Amino acid sequence: MATAKLIHDPYNLIITGVGGQGNVLASRMLGNVLTSQGLWVTIGETFGASQRGGSVMSHLRVSTDGSWSPQIPEGKAHMVLALEPLEALRVLVKYGNPGAKAIVNDRPILPVAAIAGKTNYPSADELEGMLAKLTAQRWSIPATERAMALGASIFANIIMIGALSATDDLPVSRQGFEAELLRALGPSKVATNLEAFDLGAAMVQG
Amino acid sequence: MDGQRLTMMGNQAITQGALEAGVRVAAGYPGTPSSEIIQNLAGAADEHGLYVEWSINEKVSLEVAAAASFAGLRSLCAMKQNGVNVASDFLLHLAGSGIRAGMVLVHCDDPGALSSVNEGESRHFARMLELPQLEPSDFQEAKDMTKWAFELSEEIGNVVMLRSVTRLSHASGGVVPGPIPQAQGKAHFDHHGTLLDKGHGPVSSSPVAYKHRLQQEKLARAVELFEDSPFNSYTGPEAPELLVITSSICNLYVKEALVLLDATDRVGVLKLGTTWPLPPKLLQRNLERCGQVLVVEEVIPFLEENVKIAAAEMAGEIGAKRFFGKRDGTIPAQGELNPDIVLGALAGILNLPYQTRPPQYDLLAQEAAPQATQDRDLAFCPGCPHRASFWSLKGALALDARDGFICGDIGCYSLAMRPTGYGMLKTLLAMGSGAGIASGFGQLGRFGMDQPVMAVSGDSTFYHAVIPALINAVHQKSPMSLVVLDNSGTAMTGFQPHPGTEANALGQPVPPVDIEAICRSLGAEVTVCDPFDLEATQAAALALLADQSTAKVLILRQLCALSPQRKGSKLYEVQVDPEKCLGDQCGCNRLCTRVFGCPGLAWEKQSGKARIDEVICAGCGVCASVCPQGAIIKSERA
Amino acid sequence: MINRGPRQLLAEVQQPGLCIGCGSCVELCPYFRSHGGKTVMLHDCDLPEGRCHAWCPKTELDLEGLAQELWGAPYSAQGMGPHLAVVAAKAGPRLEAGRYQAGGTVSALVCAALEQGLVQGAILTGGRGMDTAPALATTPEEVMACSGSKFTAAPTLAALNRAQAQGCGPVLVVATPCQATALAQRWAKPWPSRGAAGPAELVIGLFCNWSLDPQGLTGFLAQRVELESIRSMDIPPPPAGVLRVETTEGSLEIPFDEIRDLIPPACAMCPDMTSEWADLSVGMYEGRPGWNTLVVRNEKARALTEAAVEAGWLVVEEFPKANKEHLVHAAQGKRSRGLGAALAQSLLGVSGEDQPKALRVSPELYRAVESGEVA
């Protein structure tokens, strides 16, 4: 099968969020869409304990040239897909670089220490300011808000995938994603998830 | 599926390899990062005619798998690094007795303890117990080596250990799957031969001298096969400046580091897939290439030490070598590795400059760092019964006011060690050790100890290792209190079944073994409570602490928030009534958010009052009992 | 007046062992509780100020400031607190005989106050034997159920806090000197914004020389009797020098010497024998069993006493001058011992100064204590 071309090889994508937000689901689905295009995909993830409200990351290496380290080297992320804004920052501090791009869900999830008043969660303006300095291009999207309107917060993942697809950085097409939805979730779930995908794509195109 | 490259999780690749080898029986105990192997095999059981079991603990799981092998069926056992410790006595004897049909022990280490309370390694068991060991270095190898491991096992007549790590087991990559054979063969245990007849006689590690010699011959045969194994490979120039010896996922780190340093023409990489015993001829050929060797592995310097021993043995032929690795600090002696650590080591040895990114960006990153890297500690999930349990235990211990404490154990409730779990666990070691240690503390009254002691255990942990400790406590008259946190599943590792659940790994109905009945039959005083009833639970705990006459058990029974029976359905709609919430005027000093600390609660800066985060709240309703003003209202869902 | 927070309360009172278990800090909020005779803090609280600290009788007790505020007079080195009269008193015909201990004056006054409508409830310390049970009583039957002397500290004020949180209306408290002192702190350091907890409408104080730590006494008696068999306890008048414990199996007399170690350290630095901060104070009438000494301290107290007599709850007689002198002398003895002990433990300070102190007096009184003049 024809192998799609990449603007970077390996292309390094980090999907990040808080344990329980479904970043594993998102990375798997994206991984499968890209694999079906003939690309090599290596995904590094941590789960188990991390699910209990800790920071989580999925590192995706997309390449024409075999498997790469499941952990992306520091400073080498091309794109950060963040389900939570503080986590976007945490990832960029370590893996960002002047050319990094980020798609960020705007809804904060406060760490327990911040809820308890022991630490200070940055304001939306502070977050925006820091994100601006650490990215070459970024999109802030109300993924959770729209997901809740669709019926469940877990749709935020799919909205984010739609947004990623609209950047054209990676060969993630609507058809490709639809096929993966069918395979992964079954026919009854395809329509709503595609709706979520389209919502996300529109947020980036608009 | 057969033939096309897929992106597969390492554990799934191992599962695939086992299926392609015609495995028929698989057993294990849940343990991150190994759990998916048994889980996936259980999922494939119907289609391929397997028996798959979540056993009560790793020792028994190894015994179950061994039985299948004795009866002529290929079997697999999977566990995390600690599981090998638990199973090790049986493994020692099994290594002596040998096996019949191919048997593979997959052990998944957790360098950096991403989901463990230790990063103890299990590779040394292969050496200590004189068993061959394989280490896949990527996803395709995870599959191919698992498949081959069965063949090797049958060729030599012994268990083969296959070692994975978190960053392989839980990572995903390209795998081309192969065909899965039709299940065939009837199970039968042939036992009529003489004692010395390894194929047809009784299975035993004795007579020891005879069997031990046989065992070593089997290992020698494995080494012969390892000399030509395709799983060992050299990449790089004929005569490099530096030879890197590596195994496991570290190989990909090394590969990436060399690309980033642009040093692939200067450095050679010997990637070992057969890591015990080390094939001497292969080693010698590669050690002869240059005078400096860097060994990259995690966690203990297992390869490094064994390579050095081999190098000393062949020193006459190959000369002295300069070694870099863990022993000299080039590679850190603890924690997991990543490409950056390897980069640093290589750059240091080769004297190559390396800049991650432009310094100006680094400065910007440093500015953002204090806020960006703020603590996001692990915490009990919203709706977790453990939060309620430990809240009540905290209150009871404070009221008892004798500096009593809790000995902890392994599971989600281990999080009670952390501030988010109220810092309630004062010892936290191995599976079942909470009850054992508490039983010991309970005997110290005769030496003047006047602090009441409790232990906590999950339901799965109870079956795994706590029962002997509880028997000990009752029989030895140790006045400790065991609190069993029964959330109806093995939660931390993915909600697998255990002997107390009504369905097994294959989803078939099975008779649950009742914890309460066990405790009563042992003669312990037993109380049962719903941890969501804070008042009753605290009163029950206080009663336990007051009774210093005997071992007691309090079972706190409530479904895990993530259990299939509970997940996604809220018990209550929970809201804060902004009229009743007095904010900072209340004088409770934000008891709900500052102290109780459920992630479903938030303090609204604008209104200066508490509110419920409806996206996160799981609707357990416990916080309603915490608010002193009764401002948190729970209403039953229609 | 000086106020700090719960962490300081722990450091200044609980940790040095100066907590008397009066219950003033208990159940004001979710943090302080009383259990098994101990006052404990369930969770850490970092507020810089709190009612728990403000209303504790064992820290930042500014005797001079309180006296000026509540009595309009300096805190005296002599005497037994302000009073309009000291009389002999005992329960009148309306109080059922045999249901009360000694003279029954306290029960009589409480019944009268309830009947008068002066208060809607009474916070009393009920319970039997070793188990003290602070309770809110609103009828004579409930009052009688609480009668009987207790010799261990009980967290009676926790019941007040609880009752006030539930909107009980004006109540009286039958208080030990430390509890009466805590109630006086509430008058001087009000905190209306934090909810309904606050002073009591009327305080009937008890005489007290020392109390016994509940856990200590439980442990001590458990070695001598079956705890469940204890019916009541009493300290007979001097020169008996014993604690008498009445059980179903008979009577047990324990010499003071044997239980001296069970007296909480806080009692040593207490200057108040007669509950001088109360409205009325009631104690034993030495040499006249079946009667009490009643100290009437203010107009409200006088009015209640007269009403109680008129309604048949109470009988009063003149109190002999010699007895009064003896009482003052005894009270004076405890005052000087208490202030002296506080000074010796560096717990005594001067009103208005910065450094944290448990007790404060005027500069003159401080000098007098220092020089040993207060005797």
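Each chain gets a letter, A, B and C, in the order it is written, and its residues are counted from 1.
The rule is short, and it goes like this: contacts are C-beta pairs under 8 Å (C-beta built on N, C-alpha and C of every residue); 3 or more make two chains touch, one makes a residue touch a chain.
In this text, all values refer to a predicted model and were calculated from it rather than measured experimentally.
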- Taking touching chains as linked, do they make an open path (line), a single closed cycle (ring), a hub with spokes (star), an all-linked set (complete), or other? line
- Item | Distance-to-centre winner among chains (Cα means, whole assembly as reference) | B
- Task: Find the geometric centre of each of subunit A and subunit B from their Cα atoms only, then give the gap between the two centres in Å, rounded to an integer.
- Result: 27
- Item | Intercentroid distance (Cα basis), subunit C paired with subunit A, Å | 67
- Query: If you average the CA atoms of subunit B and of subunit C, how many Å lie between those two points?
  - Reply: 60
- Where subunit B touches two or more other chains simultaneously, the residues are 595
- Note on the structure: Residues in subunit C with touches to at least two other chains are numbered none
- Query: Once bound in the complex, which stretches of subunit B touch subunit C?
  - Reply: 394-395, 398-401, 542, 585-589, 591, 595, 626, 628
- Would you mind writing out the residues of subunit A in touch with subunit B in their complex? 18-20, 28, 31-32, 34-35, 40-50, 52-55, 66-76, 86-87, 89-90, 92-94, 96-98, 107, 109-117, 119-122, 126, 130, 133-134, 144, 148, 153
- In the complex, go through subunit C and note every residue touching subunit B. 28-31, 33, 35-36, 38, 40-47, 50-51, 193-195
- Footprint of subunit A on subunit B - complex, ascending: 5-7, 32-33, 114-115, 138-139, 166-168, 170-174, 249, 252-253, 255-257, 260, 338-340, 343, 356-358, 360-361, 364-365, 367-369, 371-381, 412, 415, 419-420, 492-494, 590, 593-595, 597, 599, 601-603, 615-616
